[in-house]
Structure formats: C-alpha cells, structure tokens
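Dropping the structures in below, format is structure tokens.
One chain, chain A, links the two complexes that follow: it is found with chain B in the first and with chain C in the second.
Then we have the complex of A and B:
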C-alpha cells in the first residue's frame, strides 16, 4: 500500500526585496525557502493512515525542483516519510502549475499509489491548481479543500468533508484511488523528532529525470505552459496612513483612534 | 464577434453573489458591441436561476440540466468541456471559489487553453489579454498573458469586480449535457454552529491576532488587552486551527465575515486574501506588523510597523493610567 504526497518548496520574500532587472520575478537573493505550509498537513494525513494500520504502508513524497528542494524533502523524511523523489531538469524552469502537475502525474503512474495528496495551494503563488490538475492527467476522481478524511487504505471509496465558504462543510463520498487537496487544520502536524532528523540524513532522495518518466524537454517549461509571466511589480501603496514615532507615540495614537470610535 | 462565457455559481438553491461580479468582469472584456456574454448555469434546477441572472451585461443564459442539484466536479468538467467546444468562447470566467478549485485546473489541462487563477484585473492591453494576480503571499502583483491561446480560462477573485446594476432580458437557451459518470456523491451540507461562544459578526470593535503571537501562552495577554480596551478578541486561521482560540472567532473566507465591525485592530496578521475576505469592508482598520511590506497595509486605514508585543505593553501602560 502506498500514499504519494506531492510537496513544494515555497519562497517567502525578505523584507527589502527587489524585482529582477527583466521584471519577470523577484531577485533570487531575496527569496527564503521553506516547505509549503499546506504540505505539513497532507504529509501528516498520510502518516496518520500509515500509523493506523498493521498493513505495510509506504509514504512517498515527491517534489519538482532543483537541488535546494532536497532540504524540504529531508524535512518530510524526518517527519516519517519513507522515501523522497525529486524531479528536475533545467528545462522545467518557468513551468506553470499545469506542467508541474503533468510531471507529478507521470511519477504517480510509475509509483502506482493508492492515494495522492497535495496541498490546497502553495503559500507563495497560491494557484490552487497543481494538485487537482494532477488528477486530470491520471484520470482519477478528485476533490479540493478536504478538511476531513475517513478512509481505509485499499477501500474503493472514502468519506471526505470539503470546506466551503462561510464555515460550511460538504460531506462527499468519493471513489478511490483519488487525488485530494488537503486543507490547513485537518490535523495537527507533528514536529520532526531528533531521531527522525538523524534517520532522514541517511535516507536517499531519488533523483528522477524527465526521460525516466517518459517526458522530454519539449513537454515542459514556459513554452508548454498555459500562461506566461509578463511583468512583476510592487503594488502601489494602499491608503494606509502610517503611524510613525516611538512605540509610546504609536500606542497613544492607537488609543486615540479607539477613543474616537467609542465617542462616535 | 467573440463570446465571453461566465459560469454562475450556486449552492443550496441560491446563486452566490460572485456570479454577478463575474458578469461585470465579462462585460468589461467586451471589445466591441458584437461580443456576447453568455452565462452558463449547471444543476438539476438550473432553470430556476434564469430570472435572477437576467441582469445587465448578460446577452444569453445557457441552462444545463444535470442530475444533481449542487456542484459535482465530474459533471461540471464534462458539461463545460462540451459547452466550450460548441460555443468557442475566447474567455471563460469562473469564480476563484472552493468549488472552482475542484475542477478549474482539470478543465484547463484537458482543454489546453490559457489558464490563470485568483485574477483580480482582467483587461486587454492592445490585442493581448492580460490578467493580474498576486504573488509571494500578495506582496507583488503579477501580470500574465496567454501567448497563442484562442481560449483563456480564468478564476476571478471574489470582490474584485463590482456588479452592474439593472435587469435585462437575455436570450435563454438550453444545452444538453454529455453523459457522464460522476465519481463522487454529495451526501450533505453541514453548517458549523458557533457552539456557546459569542457571535463575532455583531461585534463593532475587534482586536484580531494572527500568527505573529507566536505561541499559545502569548494569547492570554492579548485576551486581557482586548478586554481592557473593550474589544472582541478574534483571530486569523492558524490561531483557530491550532486551537488557541475557538473556530467561532476566526475571521475570513472559511470563518466569519465581521459585518457589524467598525474598528478592526489586526495584530500580527499578514493579510491573506482569505482573511481579508472577512474584514476588508471595515471602515477603520489598524494593522500592526513588523513587516512593512505585509499586504494587510494595502487595505488598512492606519498602519503601525512595530512588534505587537511592544505595542501591547505600551497600550497596557497607557490604558492603566
């Protein structure tokens, strides 16, 4: 039995970031990388299934990205994932989420998992597309924004709760295998133990090339994508009036605003 | 003449307001008066929405009768694939909603059309359709285009377009759904009750804490501060997910919209789209954040770049004297 968890290394911006000269992205020096927040939850959901049965379950994490992504994959291994796969080729640079999902689907076809989990979205670009689109290339049932999952490995269906707008849930029975995008708060993600971190250092990260999954450079990259970045820019400052001064002065002004509200 | 297709969203027998925002967005994309805005509505009672959808900006309402009343990813994908094949729209607009997250990307990958999500500006620059979305946690704007794509599918951010006013009499047509085997079944909708907690939607003065509070043990001091200041303590999602405050205190898309609020003090909240969905209408928003580039400052009336713990301490000092 196997669960495949697709993860992403996301980038946060340093405080004083700059846009690249070609205006297509932020200057790489200002990017701080970490595992996507949503992926902590999808990995945990897979770990919970693994730990709830006596049957042997392999939790495999997969990511598409360059060398630096190994650090995030190690984090997953430290939390208990059994194996990690990283797909990369320089031609992949500039791919949109649809291309990435196609790569993930090809890995899934080779791995033949019982379930594929991904995060609802990534915290940096927030497309909400990669996980679900993977299902298109696999032709699998799929559901997005899953906030609760009742599933026995190997069974032909699962009960899920989709989290809708305004605090409403929808209970859905879905055929399996399926691709589910997992929502924040579905569980309480664990921290890696010291032992886990030690063990992770010894586990190999499998490097997969495009040719290993039946793809070529022509299938990936900006040219095969459904959109192209034209320009990135820092939005004009909003209407916020900045309250300057010492902490004491800032607090005084805030109290004044509160008092104005109360007086109104 | 080109066609702009809008997919109306409904749930539990009610149209969702974002449908009218999409119509407005579509209207704005008309390049000539020959261009047509089509609104598709899919469901077992889809004809019931025709009247409500007969508004300014709509040229035709297309009714697609499916076997189920609410959203189903397989049915929506198959229905729209067939409709797009037939009507050949240049642009297809869906809301950036939880339902759309369940099938917009599969539809786009099957059609191999241009695709972007959470778009808040859609316009032609010359002949080129350009969509603007946020990047890096909304700290930058990203303009994307769709070279050599004859059809572009976009999901549109709720609240980005203002609905047009006035009713109209669009053409109404029917479109037959292709046969489709649905692979998931809707069992029931579950409304999350607030339990015994207070109702934050009636609160006029809210102090809201975000991940900036750092640890559970720090929540108490903000609870006390809120009480001293006379504010209702609310939070962003990570605080509720961690169980530090009850879910009923969560502001945002999947939490509450704080409709009655007049003063909102956001402490260590970055200003994600989903959080702002519940509070951006508040007339006076004060944001306290150490990061001057935090996107909450784009909607706040007042901004304070500072550590929330320093501000908390100072507020306590001054409020107690």
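Then we have the complex of A and C:
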C-alpha cells in the first residue's frame, strides 16, 4: 500500500519587496520559502491512514524544484513520510502547472501508488490545477477541495466530503485509485518531533532526472507550457480613503459610509 | 555540544555555526574583531541582511551595525533603500541609527518617504522629532509625528503652533499633550476635537468647569464629561438621569459618583450601565442584592467576579443556571473552598476549568480534576501551582499542546518535570523554556542546536546575556 503526496515549496512575501528586472517575478532576495500550507494537511491525511492500520503503508512525498526544495521535503520526512523524491532539471524552469502535473504523473506511474494526495492550491501561485491535471494525465478519478475522507485500505472506493460554497458539503463516493486535492482544516497537522527532525536529516532524498521518468527537456519548461507569465506588477491603488479625526469622529464617519452603502 | 564558559567561546561557536541568527544573538558580547567576522556572516548576502532588518527580534546593536554598514558601503546613487526602510520600520532600531538616517546626505533625495517612518518610530530621539516638527513640510510625515507617543509636549506645541488645525485632532488624543496646548486647541476645535480634549487626562479644570456650566453641550462632549472625576456632586446627580445611556454609563464608571446615585443606577434600563455598576470595586451591599436578580447574564457575571460580593452570596451565584456566571464565581479570588468543591463537579467543563485555574483550589481537588478528560480543565490543572508534581510529570507528556504549555507556565514545576519538554515538538514551547529559572545553563545549552532558528537565537542570546552579567559582576 502506498500513498503519494505531491508537495510544493512556496514563496511568501513581506509587505515590502522588489519586482525582478525582467518584471516576471519578485526579486528572490525578498522571498521566504516554506512548505505550502495545504500540503501540510494532505501529508497529515496520508499519515493518518498510515497510522490507522497494522498493514504496511508507505507515504512518499514528491516535489518538483531545485536544491532548496530539499528543506521542505525534509520537513515532510520529519513528520513521518517514508521517502522523499525531488525531480529537477534546469529545463523545468518556467514550466506551468500543467507541465508540473505531467512530471508528477510520470513519477506516479513509476511509483504506482494506491492514492495520490495534493493540496487544493499553492499559496504563492494559486492555480489550483496541479492535482487535477495530474489525475488527467493518469486518467484517474479525482475530487477537489476534499474536507473529509473515509477510506479503508484496499477498498475500491472512498467516501469523501467536498467543500462547496455557502457552507455546503457534497458527499461523494469515488473509485480508487484516485487523486484528491485536500482542503485546509481537514485535520490538525502535527509538528515534527525533534527526533523526527534528526532522523530526517540523515534520510536520503531521491533525486530524479527527467530521463528517469521518460521525459526530456523538450517536454518541459516555458516552451512546452500552455501558459506563460508575461509580467508581474502591483496594480494602481483603488478607491481608498483614510478615515481621520478623533476616535468618535472616525466612528461617526464609518457609520455614515456604512449607511450610504446600505442606502439608509 | 560541549558547555562553554567564556564570551569568546560562545562567539566562536556562533561563528562556526555560520547561522545569522546565532551570530545576531552574540553580537553584543563580541569584541571588535569578532564583530567584523559576525558582520561578514550576517550582512554579506543581501537576502540575510533583509531578513535581519525586518525580524522583530533582531537586537538593536545588530540593526545599528547593519544601518552603518549600508550607509558606509553605498553612495547616493545605489543606497539600498529596501534594507534601510526595513530598519526604520523595525521597533528595535536604536535612536542613533534613526538619527543617522535622518541626517544622512546619502539618500537625501529619497528622504521624503523616510521622514514618515523616522517621525513615527518610538525610538527616534526628541531632538530629531523636534527638528521634524520645526523644519519638515511633508504632511504625512508630520501626521506620523503627531501620533508618535514618544513626542513630548514641547514637540507637539511646536507642531501645532507652526501649522495650525491640521494636526489638532491627533494632538487632542496624544497622551503627552499639555493642559495649555489642549486649551489652545479647544478654543479653535469642533465638537469632536473638544470631546477628545474633555476626555483627555490632562484636560484643564477650567474647560471641565466651563463644559459643566454649558446647558447646551453637544452629546459627544457630554459623554466624555460624565467620566470626569472632577465633576460636582450636583452635575453627577443630574447626568445620572440623562436620557442618553452612554452618558449614564460614564456616570456609572465615574469613581466620584455618590453611592446613592450608584444605587439608583443599579435599576437602570440599560444593561451596559448595570454591568458597569456590577464591576465597581466599591459596590454597596444594596446594589449587590439588586443586581443578584438581574436578568442580564453579563451583569451577574461581573457581580460573580467582584471582590465585594459576600461569600454567602457567591454561594448563591454558584447555583446560577448560566455556566458563565458559575465560571465567574470559580474565578473570583474570594471564592470559598466549599463552593470550589461544588463547582469542581459542575456539568460544564468551562466551569470546571475555572476551578482548575483558581489559585485557591486545594491539592485534593487538583487530584480530582486531573482525572478529567477535557483539555481546558487539564490545561488549568497543568497551570495550577497546587497540582502534585507526579501529575505535572504525566501532563508534560500529554498529546495536547495546551496542556503541555500549562506545565511550562507552572512556577511549581520542577526541573525534572520540565526536562522532557526540551524535546517538545512545538517550537514555541522550547522557546518558552529558555527563560525558566527551574532549568540550568546546561539544559538551555541543548537548545543552541535546536532545528528552529528562533529557539537557537533565544538560547544563544540567553547564554550571552548570562555571560555579560557574570563578567560585569567579576
């Protein structure tokens, strides 16, 4: 039994930053890297399945990215993942989420997991496409925004609840193997124990080249992507007004504005 | 890791670790040569310099060095304004660095945007604030100055005298505004400004007296006036029957309000007014008896927390149908043990939790509550200094973070109880342990190799501080 968890190292920003000279991204010095928040939940969901049974379950985390991504993969290992795989080739730079999905699907074909978990979205790019596109490349069933999962090892189906608008939940039975994109709040992710962190430092991270998964440089990168970033910029500030005055005056003005909007 | 004994050993260890946060932690105890090495480690990569400039724990000495480093190694054309901006926004930035930024010729062209940051920083020296008030023309910068709580009455006077009206409202709310300045602004202010001045702690008596005599005072001002303890008895009585409940609320909070007025406000139609009465430290028995029967849960809750309520009446409140009222009784420092006995078995975990947190709760009750399964109750047990050590040792191994944190906070927890928590999976817990007096230097030293950078920083800093104190005593 194996669960493959696709994870991403995301970049966070502080309030002040600079845009790169080519205007296509933020200057790297201003980026703070960490494991995508959603992926913490999908890893925890895999760990819960692993820990709920005596049957051997292997949790494998996979990510596409350069050397620095090892730090996030080690975090997953420290939390209990059995193996970590990192796919990288300089040619991958500039790939869109669909190309990344293709890479992940090739890893999945090689690993032959019983389930693939991914986060609903990444906090930095927010395409919400990687998990679903991976399912498409694998020709597997998929479910997005999974807020609850009932799955017994070896079952041919799983019961899931998907989060919809207006606080609604949709209960779905899905055939397995499947790709599920996991929503925040489905569980309470653990902190890595100090022992886990020490052990993770000694564990190897499997570095996979494109050729190892049957792909070439021509299959990846901006050239093979269906979308390309043209520019990144901060839009002109919208209509905003600083409410000034004494506290009582600010409160009065605020009430006036609310009443105007309400048409009162 | 071997225990270190001297400052040089610690600095050398931090340099060997090649970790910018450990380097920042020992910078203050380093000598000139060591500081050069540390600066090289901390500032040579722009990414690291940006991180330290922004980080809320970066020591003032490191921010000063970074500021000087940027100004020294750049010219007017290529000054790294991103780092300087972060330094100016950092609350730890020392006054010297802020003065140097303000006076620097190197980025005079960009200075306008920096003025607001320097003007609002609480560490900016008074002479710079005064200079900004006297000579700068950037309105946003001057607005920042008028809100800076480090500005004194003299700076504020210069500002409002030089540019009247624009900053009056901010100055009217500024704690350092003097009585004279407030009087000046009051004369030209609108009702909002005047209301803020009437509510100001430095409001001159003449303004209060004049407002008191004004029969046509705007409601905004009346609401502030009602809180003033200098009001005459007659005015207090008159305002206690004002149609506006906020005015009556002000009277209910006013320490000068006569007892008879307070008794009558215990029957007020506004729950907010009655709540204010119920929370007074000088509550009379007559009011207590009235408020015991109040329909508003919050009134009874405030009453149940009040130290003036006799024990017999606390017993009655402990039978209240609302759990929040019973909880408030359990939190009352005067709650009798017999009542705590009763509340320890309450059906609501929120009430039992209050008993577990109560300092008076005896050891035997803590043993009983330790058998509870609720996290809030067990967190209280973990916090309480009457909890037996054996129970604390068990709770230190709980799977729940809140419970383990309770043990860390507990002043009675011994070193033996705390030792397993040095391996706690939650970094904040390891961080909290650094300053616990129960742990010794050797224990803290283990945290210098912690995987979390904040824990490493705090552990290094703690040891550096101890070495600094020791060398000062020698």
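Brief remarks on what is shown
One rule holds for everything that comes next: the second predicted complex is superposed on the first by the 241 of 264 C-alpha atoms of A that agree within 3 Å, B and C clash if a C-alpha of one lies under 4 Å from a C-alpha of the other, contacts with A are read in each partner's own complex, and residues count from 1 in each chain.
Basically, a residue touches a chain if its C-beta (ideal position, glycine included) is under 8 Å from a C-beta of that chain, and two chains touch if they have at least 3 such contacts.
These figures come from a predicted structure and were not determined experimentally.
After overlaying the two complexes on the shared chain, residue contacts for A:190 are found with chain C alone; chain B is out of touch.
Of the two partner chains, chain B is the only one that A:19 touches; chain C does not reach it.
With both structures placed on the common chain, the touch criterion links A:248 to chain B and to chain C. In the superposition on chain A, A:126 contacts chain B only, with no contact to chain C.
Of the two partner chains, neither chain B nor chain C is touched by A:67. Residue contacts after overlaying the shared chain place A:207 against neither chain B nor chain C. Once the two complexes are overlaid on the shared chain, A:93 sits clear of chain B and of chain C alike. Of the two partner chains placed by the overlay, neither chain B nor chain C lies in contact with A:51. When the shared chain is aligned, chain B comes close enough to touch A:228, but chain C does not. On chain A, the surface patch touched by chain B in one complex and by chain C in the other comprises residues 247-248, 252.
Note for the complex: chain C touches chain A at residues 46-47, 50-51, 54, 82, 85-86, 169, 172-173, 192-193, 195-196, 220, 423-427, 450-451. Chain A makes touch with chain B in their complex at residues 11-13, 15, 17, 19, 26, 96-98, 101-102, 120-121, 123-130, 132-133, 135-137, 141-145, 159, 161-175, 178, 181, 184-185, 188, 226-235, 237-243, 247-248, 250-255, 257-258, 261-262, 264. Here chain B touches chain A in the complex through residues 11, 16, 70, 73-74, 96-99, 101-106, 108-110, 112-118, 130-131, 134-137, 139-147, 149, 155, 183-192, 204-205, 229-231, 237-238, 240-242, 247, 253-257, 262-263, 265, 273, 284, 286-287, 291-293, 297-306, 310-311, 314-315, 317-319, going by the rule given at the top.
By the touch rule above, chain A contacts chain C in their complex via residues 14, 16, 18, 28-30, 32, 190-197, 244-249, 252.
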